[in-house]
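What follows is a group of structures, each given as structure tokens.
There are two complexes below, and they share subunit A, which is joined by subunit B in the first and by subunit C in the second.
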Partner chain A sequence: MDLASLGGNILGTIPLGDIVLYVTPFHLFMFVVVLIFTALIAISRTETQVEGSFGTLKDHKVSVGLSEFKSRRFLAIICGLATAGAMITGDLFNFTLFIALIGIVNVGIVSAVKQIDVLDAAYQYGIIAMICSLPLFGGASIILASTGTLSLFELASMATATPMMIFGSLLLLMGVAGETGIAPFFATKAEMFRTPGSPFILIIHLSSLFVIIRTIEILLIIIKII
Partner chain B sequence: MSRIGRFWNKLANPDRIPKLFALVLGLLLLVGFVIPLDLNVDQIYPRPVPQVQIDEGIPTAPYDRGGEVLKLPGITKAQYPENSKSIGWITSYMSPQAIYVQSISPYFGTSIYSSPGGLIDEILYYTRGFDTILESTILMMSFIIASFLAANFTMNRKKREAPDKNSKYYDPTIESERLSEEE
Partner chain C sequence: MNLMANIIINVVIAFLVGSLLLGFHRKVMARIQLRPGPPIIQHFLHSLKFFFKETSFPKTAAMPFYVAIACMYCAIWITAVIVGPISYGSLLLIFAIYAVYKIVEHNAGSSSGSPYGKMSCVRAVFSAAAEIPLFAVLVIIFFQTGTMNLGEIVAYQSANGPLIFSIPLAALMFFILLVSKSPYSPFSITKGKDIISGYETEHFGVLRGYMMLSESISWYILLWVFLTVFIGPLSLLGYLIGMVVITALIAIINTITPILNPNHSVMSQVSIAIIGIGGSLLIMLIV
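What follows is the complex of A and B.
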């Protein structure tokens, strides 16, 4: 499937050597939305949770300390910028690197919480993120081996998709599914949300939503089902 | 409860997710054995045949890309040559120390000298330089996370802010120990 029918007319490119970022109305919209959310998160403060219990007056306050707040805000901004970069990149390997960056920053955002169950879920998510390096980069390298190129412009102009390209795309999808924690691997991520510090936790969710949309677009470019 | 409902409930346990993921990934990798190999020989980033440069006795093997520093451009391909005007000119730049080691050792290319500041690969640092920036950013982020945890949860534990007395994790015995050690 060609680039224009997926994202609209190409408004321009940002050449960085062999890595050419390109901008269409679709990508520009997603890029700007991610940047707006990142700016909102950068100026906001964390929430404080109060855990009530029935039958007693012992309400527990769960708050976030100052150093943890600063660290989380920094990592959340990096996560937003990486998501924005993944929206407009025009190179397959560049895209996988952005996703790997999102994955490691997501683990970092919840790495300093004090709830044991949340830490446990983050640990399991970190294990998946580590396993995912294999299908993520392996899929990109299989596509490189079978097509000889990594540029999405060149991949879009290929005539047909060979079985090996489809296998590489499936591996790539598997890597993205684990790295961003989509169904059916979302249980670890849902547990990670149960900690205070709402706006910074939400960037974990937001980045995975945007990355999945972009991944589907890239897979349509490569395997040309439609 | 229906069978599918029981399955969803099992999926809700975070401990099971890495195992399930590893199982699905293993099955997908097994499928890879039956996929016909279909390699394109017209690669954008070609490599010499293994051992060819070593048999020729080139000291920078297997990283030799031809050319001569400041005299003759090396052989490097790019996807978009119009974006890389000076392609080939910075191939195999070597620092003075690297040139000295290369002159006395035939194994320079495979030694530790070839990595930091020795051979600078054109693909890594010029045509695909943005990828190298991102790779080092990933490394830097993991070091930031690890050093934040190390500084706040192992070294500076006693200097942490006074605990919240309303928190459910507040332990009076630990707090009294902390105060006595501070004094």
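What follows is the complex of A and C.
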């Protein structure tokens, strides 16, 4: 398969032995956008969330405390960097590692919050993410076992996909679905966004959507139905 | 033509055509409801008006994030103009731009501190979970044509006929996505009137101007992508007629359909996506 038919013309490659990093306009766009958002997170304050109170006409304000702010900002930046890594990597195993890291820090970003509903949602998401790490790494392992490489550049140059490669791809897809909390797992993740700290919850959403898009590209490289 | 001039001209065209189409959308809805409705140029005038109004910032907003998000909203759709009508680049890149748009929609709501924006933010997560599978229609296009490059997809259609006939369910999925992004849509849960204007509630002045400008460009780009990917090579007049017809059709659908609640909206879209992807793959296997 011609990689240029997916993400546009290859702008450059960085050969690191078997692993060849390659950059197309698609990867470059995603990488730069993630870095811009990560920089924004690093310099932004958090909003003060105004909420109505039951049984009274008064509002109450929920804001992020200083120590909570510092820990959440640190984890959000780590998440941003992990997402940037997942966008640019040319190695399937690195990709799964970045996704696992994203799953862990996503739970961490909201675990410092002192709201029971939000913590419940983070706990449920954490369980799903942990369970899905098995098919995630299992899928990558099966692809390695059936092809002898995890380099996407090498995988793209293979003529056909064997049934084991397709099975590994499906496992990988299941793993990504759970780790990123997309449908049918999105309900718990949406509840996590009820907490204040807009810049931090942005990176949770951004990492999920970008990883899904990159996964589509990777699956198309591996499956080669054409 | 100079690249910079080409970009500026195309962005201006996208803004003008997009805002007039959104005005036309409101006019059609009004006429069906037996109201005279605003002039077609109204959306365009509204967009310009906000650039000259005073800009104020909520005390509770997350600065400078709150301002940057509105600017990003505008920047990503200008990028879409460059990737689409100007360079006929990768459809996967437009998918990525659409994902950024969902993130911007999500955080424009939450960054203000308003409860309405926050509700819109949570709903945006639900709607993203439903709209992204609809956008996954791109995978089916790739299976059919063997490429994600817009120029090559157009060339494929020149040789083999429009994709709307070979993968009609995929076209239907993308059409549902267009309906979702139109004003007063049954799926527009992020801007439902129960939450005032959703994520736009707390954006005023220039920031609102940016958002309205981006809305116009996004409408133009989504229609352009649909026509390019499913109808194939079209003349300028063909694009114009296609955009007007689709906008009118969507206006009719929006007029006669109430806004669904978030759960129904998401489940409807996910169901359509599953039927669309499964059905398209089945048709491709059989034919």
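Observations
The working rule: the second predicted complex is superposed on the first by the 215 of 226 C-alpha atoms of A that agree within 3 Å, B and C clash if a C-alpha of one lies under 4 Å from a C-alpha of the other, contacts with A are read in each partner's own complex, and residues count from 1 in each chain.
Operating definition for what follows: contacts are C-beta pairs under 8 Å (C-beta built on N, C-alpha and C of every residue); 3 or more make two chains touch, one makes a residue touch a chain.
All values derive from a computational prediction rather than experimental measurement.
Taken together in the superposed arrangement on subunit A, subunit B and subunit C fit without clashing. Contacts of A:K114 after superposition: subunit B is touched, whereas subunit C is not reached. Looking at the shared chain after the overlay, A:G52 reaches subunit C, while subunit B stays out of its contact range.
The superposition places the C-alpha centres of subunit B and subunit C at an angle of 170 degrees about the C-alpha centre of subunit A, rounded in steps of 10. For subunit A, the partner touching the most residues, choosing from subunit B and subunit C, is B. When both complexes are overlaid on chain A, the residue A:D18 reaches subunit B alone and has no touch with subunit C. By the touch criterion defined above, A:L6 lies against subunit C but remains apart from subunit B after alignment on the C-alpha atoms of chain A. When the two complexes are overlaid on their common chain A, residue A:K61 makes contact with subunit B and with subunit C alike. In the superposition on chain A, A:L220 makes contact with subunit C only, while subunit B stays out of contact range.
In the superposition on chain A, contact of A:F167 is made with subunit B only, not with subunit C.
When the shared chain is aligned, subunit C comes close enough to touch A:I43, but subunit B does not. Superposition on chain A places subunit B within reach of subunit C only down to 6 Å, the least C-alpha distance between them. In the superposition on chain A, the residues of subunit A contacted by subunit B and by subunit C overlap at 51, 61, 190-191. Every residue of subunit B that touches subunit A in the complex is listed here, in rising order: 11-18, 20-22, 24-25, 28, 31-32, 35-44, 78-80, 83-84, 126-131, 134-135, 137-138, 141-142, 144-145, 148-149, 152-153, 160-161, 164, 166-169. Interface residues of subunit C facing subunit A in the complex, by the touch rule stated above, are 59-66, 68, 72, 79, 83, 89-90, 92-93, 95-97, 99-100, 102-103, 106-107, 110-115, 118, 121-122, 125-126, 128-130, 132-133, 136, 138-139, 142-143, 146-149, 152, 270.
The residues of subunit A lying in touch with subunit B in their complex are 15-20, 51, 59-63, 65-68, 71, 74-75, 78, 91, 93-94, 97-98, 100-101, 104-105, 107-108, 111-112, 114, 120-121, 124-125, 127-128, 131, 134-135, 144-151, 154, 162-165, 167, 170-171, 174, 178, 184-185, 187-188, 190-191. On the subunit A side of its complex with subunit C, the touching residues are 4-8, 24-26, 29-30, 33, 36-37, 40-41, 43-52, 61, 182-183, 186, 189-191, 193-194, 196, 198-199, 201-202, 205-206, 209-210, 212-213, 216-217, 220, 225-226.
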